[in-house]
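Residue numbering begins at 1 within each chain, and the chains themselves are lettered A, B, C and D in the order written.
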């Protein structure tokens, strides 16, 4: 019970058309809804209404991220826990938000607006529920099957971690410690994957990237081919992370929000023993092949 | 809370040495314990004491399968639920069983002895918990990172399914229906994978196979190379399942227990809508490329 | 100098429309020409006019196979050698055959009509010759980059082999010997690949299959997905050959001609030492994973 | 007839032991010979005595590169052509050089000592010639099956190209032109691969890198894992080349000679139409994903 996975990320973009063109033609998501100032997208294997929402705003940024809970009761239960921890919770009622029912919103210690939602409109994946084939035809671009995780920045990583773990029930798969043994990066999961949410040192409220799942290393190459052909700026990769063991490419959407495609990694159950990285290994921890971080990766977030 | 994953499968073999040679040299598991009539094995990325136990017996068969629960309390809670459902539960106390603490055992409607365990001796994976590399060196044979699932046979699949779902909390990802709409195969999960446990029509108490996870399709080819080189009889594959979408090879250990290597598939969360296969698609459901089942696959179990 | 590669295979089909639909939509070749009773196809990365021609005939069969020579002079030179060996050579003049210039045709000791051609109309690949991307967009079906080789049957394999080697300059990469040490299968190359032409025991004039190149094992899986989705009957595979080491799938076009997709294998230069397989290893030689041949593979040819 | 492939590259290293440890333990070549100041290595699937020779010298550099010719007569024929072009040819007689018979050596317009050799001692690959398995066991490190090509630098690329093509018979698969249409990079082949030898602008006599063949993109990832684990500095990659379409990693041996692992690319026959890249696409031409060259790649050679 409790949180089951990342539901959607809501970002702001200064050009809805350009962002829509990119997320549908290059990333290969499907547009599932649109209002005056917002567009909604899902991946082909996702059942829910959307996993990405973009809103027009002159500034590139993040409005909020939303996680889905398993049961109706989880909302009330978690609302109580959040308030007991000292944060005000705001209810968003059914009908107020596109594609979903009742939800709660609150600010986290990392300075982000977070949402928890139980009921999301089912629009269905691109495959039938009876005798399906393994994947659909007619996909465009990279076409990841689903959104995977996001990484945000926080001034006080340990404090944010405590909240995500103690109040929301996230489990710590990996952590990066500075020379004094303080957490400067944490990787947290609820869905038996290496991470659903990660937090690294940086300004409060920042979005470092959100990531799409790919099925294997060959899909990573294909993604790189498509990005290069479409003149999308690749930040780093294809490479491997030391943390999570996953294979990855970082790149930027045309408005400047960092995206990732990600695959691989282990499968951590709730009894998974936390892996620790020390600061002298930070290069390999993040980019196992390069063994060092680039400036852009460290400094740029939205 | 509740069951988090398959813990171990306990089978019987008429030749401990031959089976041990196969599971260590060809499959590439690690021997982690041994008694007069039993040998215990784990995969390299598993932390717990064993995921496979073999016991000497003149007949090839299955003693039991064991699932791990998240919390100490889960044992008592599930014990109550099982007894309320009408099955007697037997306690195995700490110290009675190799490599694990308190557990409960009971017969299921599919005629299997099942075990639930919370505390298992940690022997650790082959990687350190500080600054690990992505995988260890010196592995032998196929060397899967972990055990994945098992498939058992039952005379009354719907009845077994009800028990596994209502009492033990498994979720139904896929089902195969006969012409009358009755379940003749079900795929059940607790760990956000396409299946941790599957049940198909057959005699009560039978084991169709247990499966090891591989990381991708190239590992499947490598496994086939190793099996062929070691003259291990391949039953079917490399091929793809319609059900689970996974890639697979079926083959037999030298004593006749069917093994599988498996990779791929989707990632079902608890809100995953069940997929249904109809009997006229059974060939593609099981072996998507062949489109038909072989006799051996249908008839042979242990 | 001399033969540089397989140019095209000319087969007969009892249904031009059905065959065309299959070779364009499922196999993903491009139609490059058409006459009253013939259709011509090429793969996307091939420059020449066609690598496959189909002709209407009530019977499924092979008209001829054609190899390309490097220089104009090679035609005359090889014509002399063939006639000296005792076979009559027939000249086909420029303008007589679609998409190509002067060629010579002759019957081989394996009972096939073979053609050698130097000048072939260039229609170009799907990629530009200036600043190309790695592969084109908009491909359909399997879309192999090129035709790779063909395998024919002959009553007297050693005699056919002598002709192909001594007269036409093929080099022997692998051979399969029966218990008396006689060749029952040979693999021959001119283009630094494991085989451009292979001959196995069977009736004179038979076509066992022709094969398309795929770039890797993941493309083999994708091909199997497409074949299965299109209900194309798979004969064997995905599997690996012992001979050539290549990965493969055999299957039949809708009229009954066997096709193969093939990848991998070593890169033999002219100094490559021949590999020999003995009859007791014939199963592994042909299908390394299965270790045995199926009846259909042995008996069916066109 | 003529040149069939790269035979070996002879480099100098200031530390024979360190270089030997790297080329055997990390690269996974086999040591096949040793003299006072030289060590010889081959890859596991190569039949000839060596494809790499290292000689002790305080300076890192290249002594020569050697190509193999198909027939004994080729040596005399090419000797005449080279002398007619105006270069002096030096004969190295059987017994003078380790592991090979008669050869000729000469300086090329790119300022390199080049060797042509026909007879090379056969030490055999690691696989038997009768009923082999697809690859051997017990390999160490990256273990490429063979050496693939080398890239050298020349002050006057067009002049060097003319020599390699007109005198030695290389064919031009791709070329990179500056704004004035002059060649600043050429890719040349003799073995139906995208390149056996490449030349780019730079000082005469320089070695940019030599490259090992890998079988696919998954082997590229495995190579990167091994390099990273062994703390070998990766220059660029894993990435894709625009030129050749191949997948690649560049890195340095511990003494500073650049190595590459390479896979993929098309299969050019002698009738392959040359591909041209213009200088404004140089970034994509070399590193398709990054779209730009790094300083190190441009400046560092040995």
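Throughout what follows, a contact is a pair of C-beta atoms (placed from the backbone, for glycine too) under 8 Å apart; a residue touches a chain by one contact, two chains touch by 3 or more.
It should be emphasised that the depicted structure is a prediction, and the values quoted were computed from it without experimental measurement.
Visitor: Which pair, C-D or A-C, has more C-beta contacts?
Guide: The greater number of contacts lies at C-D.
Visitor: Assuming a repeat means more than half of the contact pairs shared by residue number, which candidate in A-B, A-D or B-D repeats B-C?
Guide: That would be A-D, since it shares over half of the contact pairs of B-C.
Visitor: Between subunit C and subunit D, what is the gap in Å from one C-alpha centre to the other?
Guide: 31
Visitor: Where the CA atoms of subunit A average out and where those of subunit C average out, how many Å apart are those spots?
Guide: About 48 Å separates the centre of subunit A from that of subunit C.
Visitor: Give the residues of subunit A touching no fewer than two other chains, as numbers and ranges.
Guide: Touching at least two other chains: 133-135, 216-218, 225, 240, 284, 288.
Visitor: What part of subunit B is in contact with subunit D in the complex they form?
Guide: Residues 133-135, 216, 218, 225, 229.
Visitor: Show me the residue ranges of subunit A that touch subunit B in the complex, using the header's touch definition.
Guide: 1, 4-5, 45, 47, 68, 70, 122, 129-135, 145-146, 191-193, 213, 215-218, 240, 242, 245, 264, 266-267, 269-278, 281, 284-285, 288
Visitor: Spell out the residues on subunit B that touch subunit C in their complex, using ranges where they run on.
Guide: Going by the criterion above, the answer is residues 217-218, 221, 224-225, 227-228, 231, 234, 237-240, 247, 284, 288-291.
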